[in-house]
Structure formats: C-alpha cells, structure tokens
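The same chain A turns up in both complexes below, where it pairs with chain B and then with chain C.
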Partner chain A sequence: MLKSRYIIIIGCGRLGSYLANRLSRDGHSVVVIDQKETAFLNLTADFSGFRIQGNAVELAVLKEARIEDADCVLVTATDDNVNLMVGQMAKEVFNVPQVIARVYDLKRERAYQEFGIRTISPTELAAFAFLGAIVDTDNQGKR
Partner chain B sequence: MKIIIVGSGKLVYYMARVFTSKGYVTTIINGDTEECTALSRQLKAVVVLGDGSDPTVLEEAGAREADALLAMTSHDQNNLVACQLARKIYDVPHVVAMVTDPDNVDVFRKLGVKSVFSPTHVITALIEQQTSFDDIINLAPVAEGRVTLSEVILREDSPAAGKYLHELGLPSGTLIGVILRNKHVIVPRGDCRLEPRDRLTLISVPANQGKALRVLLGKRV
Partner chain C sequence: MRYSRFLRERYRTILSYIGLVNLVTGIVIILPLFFLAARPAESRYFLGFLIPGGGLCGLGLALWRTLRPYSVSGITLLEGAVVVVISWLIAAIVGALPFIWIQGFNFTQAVFESVSGWTTTGLSVVDVTKAPHVILIYRSLMQFAGGAGIAIIMLAAFGGAVGQGLTTAEGRGNQLVPHVERSAKLVLTIYGGYAVLGFIALMIAGMNWFDALNHTFAALSTGGFSTRVESIGYWNSPWVEAVIIVLMILGNLNFLTSYALVRGKFKQVIRDGEVRLQLVLYPVCAIVVFLGVTLGLYPALGKAIRVAVFEVVTALTTTGFSTVSYSNWNGLGWLVLIILMLIGGGTNSTAGGIKQYRIYALYRTLLWEFKRIFLPRSAVTDPDVWQAGTRGFLKDIHVRQVAVFVFIYLVTYFIGSGIICAHGYSLKESLFEFASALGTVGLSVGVTTATSPAGVLWTEIAGMFLGRLEFFVVFIGLAKIFKDLYTCSFSPSEKRSQRRKR
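== the complex of A and B ==
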C-alpha cells in the first residue's frame, strides 16, 4: 500500500466527495472542507476522515484544517475563483508540496499555469473524451 | 487616465461618479443586467455586463489600454483573480483590490497583489482616529512598515511647545512633515516655532519613532 498521506479536500460535492471516500478508503488521512453541512451527506461509510464546515477562502478555516501539515491539497469547489485563490494560498502561504485545483474555464486555466499550481480542467478532459470517441467511431466505420 | 472598476453596489456607483467627474475614462464591469442598465443611464461611464475575472470580459472592457483596475466585488476570490489576470495577461500597471476578510490583506500581498485594502481595517482605524483622546495617533505604515506616519498633538506642557524646530534635536530618520494649526496647514522649516495644540504629522523610521515622540511630548511616552 502507498504511504499514508495527509490530504485536504476543498469542496464536498460530486468530485470532492468521490475523492474523499476513495482516498480515505485507501488509508490516507483526509479532511474535507465545505460551506454547506448537507454536502457531507455525499460521504459514505468508507470515509473515516474529518469534516470542517466553513469557507475555504478564509485563512482561519484553512488553519483549522492544519493545512501547514498537509502533504496534498485537492481543490474541487464549484467556483473557479475560489479554487484558484485557495490553491494559491495552499501553495504560496502554507507551502503545501502538492496542490491540484479544478478550473472549468479554459482561458483562466491557461493563465494560471504559470502561477505554480497544477490545474485540471474538466471541460478539457470531457472535450478530449468526446473527440476521442468520435475518432473511434470514425475508425470503426472505415473498417 | 483610464480606470476599470469591477464590482457592484453603491460604492462602485459613487466611485465611478467621482472618477468620471475628474475626467477619467471609467469602465465598470458588473454581472447584473438590471444594475448595468441603471448604471449606464446614471453615469458617463462605459458599463460592461459580465464577470470581471473572465479574461474575455476584461479584454472587452479595454484592459489592454487601462492604467488601473480596481476590484471591488464582495467576494475576495473574484477580486484576487481579476487583479492577477489584469496584471498577468493585460499588463495593467496598477491593480487595487478590496478584501472583506481582513486576513486576506496579507494573503493578497503574498500572492502578488500589493495594493490591497480592507474596509474593515480602514474604517476601524478611522473611528479610532476620530474618537481617540490620545496625543499620538498612528496613521499608517508606509513602505511595508519601514516608515511610520503618526499624528502628534502638542499640549501646553509638552517640551516641544514654544520651541523652534531646529532646536528640538529630533533624531535622525525622523521628520515633521506638516503642522496643522487652527485648521491652517503649515509645511514647516527649521525657523518654525511650535505651539500648544499644534497637530504634527511625524514621519519616521520605526526604530526612532519612540525617541522622536519623547522629544515632542516628554517622558510620558
């Protein structure tokens, strides 16, 4: 098994809760932060970590999660700007070694590639998947 | 001067009104259709409907030619992103951000947005200044705290009252910039004589501020 890491997940929606359940089941120590208490209903019995209700763009909330000790921060809130800000806070203010943020808007994502945080764009991933699927059916048609 | 303001509400409206009356070319970016319509009717400003942290909207608002961008939304994250994109993509020379969470002043500075203010701080400081009965009021740290500005009020028994500036022996790295006497502003020279009830603006390096205050007000400091 992988070495257990301290992972903070911002946002407990579909993506955040999926990651939280999965990483907790894999034996990592996980903290999830979400503004809405109801979001934590997405967590399953697999999840044995902690939950913090609060706004992650507040320094006080990140400190409460002991972000300075985190090995990894995954930023999956629904608002791109929240993710970009929290991602940068984790990286620049708290020196977290690994920070990955979800950013829907491709233009914004491009601009932030130079800011030192790793970004993942679901828009781009979905586009690749769609385009890949089209190419596959084209190839099948030719056969 | 060409200014872009990102934000909504009365504050943005009045600021835009001040800027346009000064002859600045003002553009407002606002996300609310109704508010945009109202603003464009009330102001001599260009109003752009959209998200001020979207690069396309910034470009449409003329970010390439802008001299300054003020990010004044009530969401700190939107202000951060608007400022960073304006600097990074469009090379806007001056970006200024407002933050609602006072903790974010330091955060923004660390993330490269150096001009940042928190209304909470500003208003608290103003209230303290206006209601303070102390002789010394710290106005503001300048140059990241390497210089301090303070206001000092002389009393009848202050050792500096009645003395000429050149005989005070103020320590190095300190300067009396302005004297406020009976609502008159005096920019003092060495031959200026201090009087009780003078309000002095003291500019000093933090290390010598205490010494200067003792020269002006005596041992009580």
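== the complex of A and C ==
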C-alpha cells in the first residue's frame, strides 16, 4: 500500500465518489468537494473523510479543504473548463505536487500538459479500446 | 428472503464489532487489578474484577474471532447505533458485577453506580469512606473510559476500516482530520496528554498520587466521582480548585477546539461558538451566584468568590465535583445551577447536557429571525455558526434537528422530575437531581443515596443513559433491532418458503 497521503477530490459524481470511497478505505486522508449536497449520497460507509459543499473554483473553498497541505488533487468534475481552472490553481497557486485531471476533449489536453497537470481522458481510453477491438477482429478474420 | 440473508450477513459484522468493543470494555474492568500491586492488602478482591472483566474479554474475543467479516467493510450510522446501544447495555450490566461482589450491592444499586460511571455522571451510592481503594480507582477508570467513548475510539483507531458510522452513533462524530483512524488516534493522544499534565499539576497542588490519579480521570472526563465525601471541598485549597477547574474546562471543550488549542491556533478557538458562549456564561453566572448566594452565606470574601466560580464551572461542564453543600443555598442559586446543567458542555467532548452548540445555534437563529424583519423580503441569508475554524450556515433542517432535540430533552426532563416528585421528594430537589442525572453532571442535593427507592434510581439510570447517548441513537438502535428481528423471523416470504418446504 502507498503511504497515507492527503488527497483532495473535486467532484463527487460516479468517478469521484468511487475514488473517494476506495482511497478512504485504503487509509488515506480524503476530502471531497462538490457543489451539490446530494452528490455526497454517492459516498458509502467506507468513506470517513471530510465533505465540503461548495464551488471548487472559489479560493475560499479550496482553502477550507487545506489544499496547500495536499499531496495530491484529483479533478473529476464534468466540465473540462472547470477542471482546467481548478487544476491550474492547485498547481500554480498552491503548489500541489501531484495534480491529475479528467479531460474529455482531446484538443484541450495540450493546455493541461503545459501546466504540468497529468490528464486521464475517458475519450482517449475509449478510443484506444475501440481501435484495439477493430484490430482484433481483423486478426481473427485473417486466421 | 434475499433481504433476510443480507441482514444476517450484516449482523455478523455488527456482532463482531460488538465483540471488539466488549474486549476493550473488559480490559478497562481488569485494569484496576494492576493497582492491586500497590495495595496488596486488597488483593482478596482480585476475582471480583477478573471474572467479569476476563469473561467479557473472552466473550468479545470469541465473537470477533468467529464472526469476523470475510471482507472488511465499514458500517453505516444505523448499524453503528445497534453496536453502540448493545455494547453500552452490556457494559452497564457487566460493569455492575464488581460492585455486587465486592460491595455487596443489590442489582439496582450496582447498575446505578456502573451507569453513573460509564456515562460520566458521578452520582453515587457508594460510601467512599468505607469502599476499598480498588473500587474507587475502578470508578474513576470507568469515567475516564466512558467519557471519550474509549472503546469505540480504540476500535476506530486500531480496528481497521470501521467508517464514520460508529463514532457518529456514539455522539463523538466530529472528526479532527479527514480520516477516522487518524482522527481517533489524535483524540486519544490529546486526552492522554491532558491526563498526564493534570496528574502532575494535581500532585504539585498538594494531592497524594492516589487522589491525584482519581481526580484527574474524573475531572477530564467531566465525570465527578471523588474519593472523599466532601468532594473537592475536602482540600479547601485554591490551587487544587484552580487545577480542577482547568481540567474540567478542557474536558468539556469540543475535541476539535482542543486540537486547535494544542496546535496554537488561538484565533480559531476564540471564534468558536461554544467557546464564546462559555466566555459569556462563566462570568455572568459566577457573578449572579456570587452576589445572590455566596456573598451572604460565606463570611470570607475569598471563599465566596471561589465557591461561586467553582460551582458554576462544575455545573456547566457537567462534571459534578463540589466544594460545598447546596442545601442552604437560596432558590436563585439552585435555578442558575439547574439552567447550567441543562445547557451542559461542548459537543464532541466528554460532557453531557443539551450541549452548548445547540444553545448557541438557537441563539443565532433567534437573532437572525429578528434581523430578517428589517431586511428586504427577497434577501437570502442564513444564520452562521463558527465551529473551530470553519464557518457553518444553519439551514432549516439543522435548526429543526436542534429544536426537536431540545424538545425531547425537556420532555424527558419533566417526566423524569415528575417521577422523582411522585416518590415524595420536593419539586426543587427533583428538578435539581434529574437535571443532574440527565445532563450526566453528578451534583446532588441528597436525593440519590444508597437507601433511595429503586424507582428513583431506575429513573435516573434511564436519564443518564439517554442523556449520554443523546436519545436518538438509543431509539433508532432499538428500533432497528426489533424491526430486523421481525423481518428475519416473521417475514411473509420466509413463511411462504417454509410452507412450501413442508
């Protein structure tokens, strides 16, 4: 297991809540931020971290989550622009060592990379899976 | 059918956690045995502790080893309520056994003393002049453990992935850091650190080590069991009183506030709503008691001031140490003490009562209701409350929860006082004594003695139990147990399948 880290997760939807439950159960200190209080219903009994209701774009909300002490920020909101902005603030303003963001639009990935934010793109992952599947059937056909 | 199988699986987990809690409770009951090494003359009481404590440890270990869940999973708030209620009932009864065997108490008296210990009340039917020292240290240890809910905190700190459900169910839910395990360890560290400092300070103030140990435990847990009949009044020393006052206030601070205090974040501490309420209540009430009661009663001015301050702090922090008897106090003094006992200590501390946070929240809401009249009708505002560095806004749902709690608290208070009245005690005495029991305070005006009628003692037992666990946990815990028993044994689908088998 990784040593216990202080992790902030932005967005508590399907992905965010899954990560939060999992990381909290594994013994990390987890803070989740979401605008809607109902989003926290996604968290299970495994989760024992803090929930902060608010807009992660606001500095006050990030400060309340003590982002300056965070080892890692996971940005999983659904809006690419929000993700970029929050990721940028975490990296530039608060010097968080590791920032990982979800990005849907592949065209924006470069913008993230310029700020040193690691990206994970569901679009790209799905595309790879699709491409892999096409190649596989080709191979099967030849055999 | 599938649901009852699911329930059985969940109850396996619940029972295994109950086992773990019992293990810790058992260890607390055995702990006084180490003290016997210092006092070999009392070693004939060895078995009186070893059998209940060891038995409980064995039972707990057996439950945990046989039922331990295959995959670790957290428990929900509802399931936590079941664990808490059952563990507390077991602790109350097993904790009573040493009193029966060693002191020769009947069942009612023994359970009363045990519940008064675990709930950190401090009302007592033990004659401390005759009781062996090992019983005295046992009572103090019970308070020390019960105050912070040690068993559950230990479980959260070392029991693996437990989740928030348990600590929240026990009313000690506010976490210091965003992980339940580390939060629990921090609470243990702060609590233990305070205890060490308190012990040293009391030794310096002039107590012997035995009294210092007992009073540290009882003051920090806002418990109030003393080793002397006159309680703190025995020493009649300003230094002892000063140290005890500090310990009582530390014990009644929310652990969140304590954490801020220990880290030197005084701005957060001073902003906290509960701290502000205390900063108003201590001086105001002390002055009222001083001018209205003690100034006329005690000839020495110093004594009058000391008594006024000490009695106000002990009532609000729900500790229950006393330096004087209240029988010669006038109605004003009694009223102030009753009000303070009803308000009680901080949330997420070791104290009881309605809790300062709820009172402060209601006060903020009241203020806000007035303010709103002068605002434009379309203005959107919410009353705010600071709690250890974070500013919270009171939504209607929070105010509703607070209001319902205060309502049920007062209803229980008047019913309980009524029952004590019905046993022939005066209204004054009944109101005082039941406020003391329900708020887990422990100040007494003489209603609670070894010869009190069983009805009075059981009423107070119920009051202490409900007051410590904050009502709802007891209700939802019991309701869940009965509902699930019903579903498991009488569910229609189950019956149908049984009939089919036949």
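Here is the rule we use: the second predicted complex is superposed on the first by the 143 of 143 C-alpha atoms of A that agree within 3 Å, B and C clash if a C-alpha of one lies under 4 Å from a C-alpha of the other, contacts with A are read in each partner's own complex, and residues count from 1 in each chain.
We take it that a residue touches a chain if its C-beta (ideal position, glycine included) is under 8 Å from a C-beta of that chain, and two chains touch if they have at least 3 such contacts.
Note that the structure is predicted; figures quoted are calculated from it, not measured.
In the superposition on chain A, contact is made by A:108 with chain B only, not with chain C.
Using the contact criterion defined above for the overlaid structures, shared-chain residue A:49 touches chain C, although it does not reach chain B. When the two complexes are overlaid on their common chain A, residue A:29 makes contact with chain C while staying clear of chain B. Legend: residue contacts after superposition of the two complexes on their common chain; A:40 is shown touching neither chain B nor chain C.
When both complexes are overlaid on chain A, the residue A:59 reaches chain B alone and has no touch with chain C.
Once the two complexes are laid over each other on the shared chain, residue contacts for A:81 go to chain B alone; chain C is not touched. In the overlay built on the shared chain, the residue A:18 is in contact with neither chain B nor chain C. Comparing which residues of chain A touch chain B with which touch chain C, the overlap is empty. By the touch criterion stated above, chain A contacts chain C in their complex at residues 4, 6, 24-25, 27-31, 44-50, 64.
Across the complex, chain A is touched by residues 72-76, 79, 161-165, 175, 177-183, 390 of chain C. Put simply, chain A touches chain B in their complex at residues 57-60, 79-82, 84-86, 88-89, 92-93, 105, 107-108, 111, 114-115. Chain B makes touch with chain A in their complex at residues 53-56, 75-78, 80-81, 84-85, 88-89, 101, 103-104, 107, 110-111.
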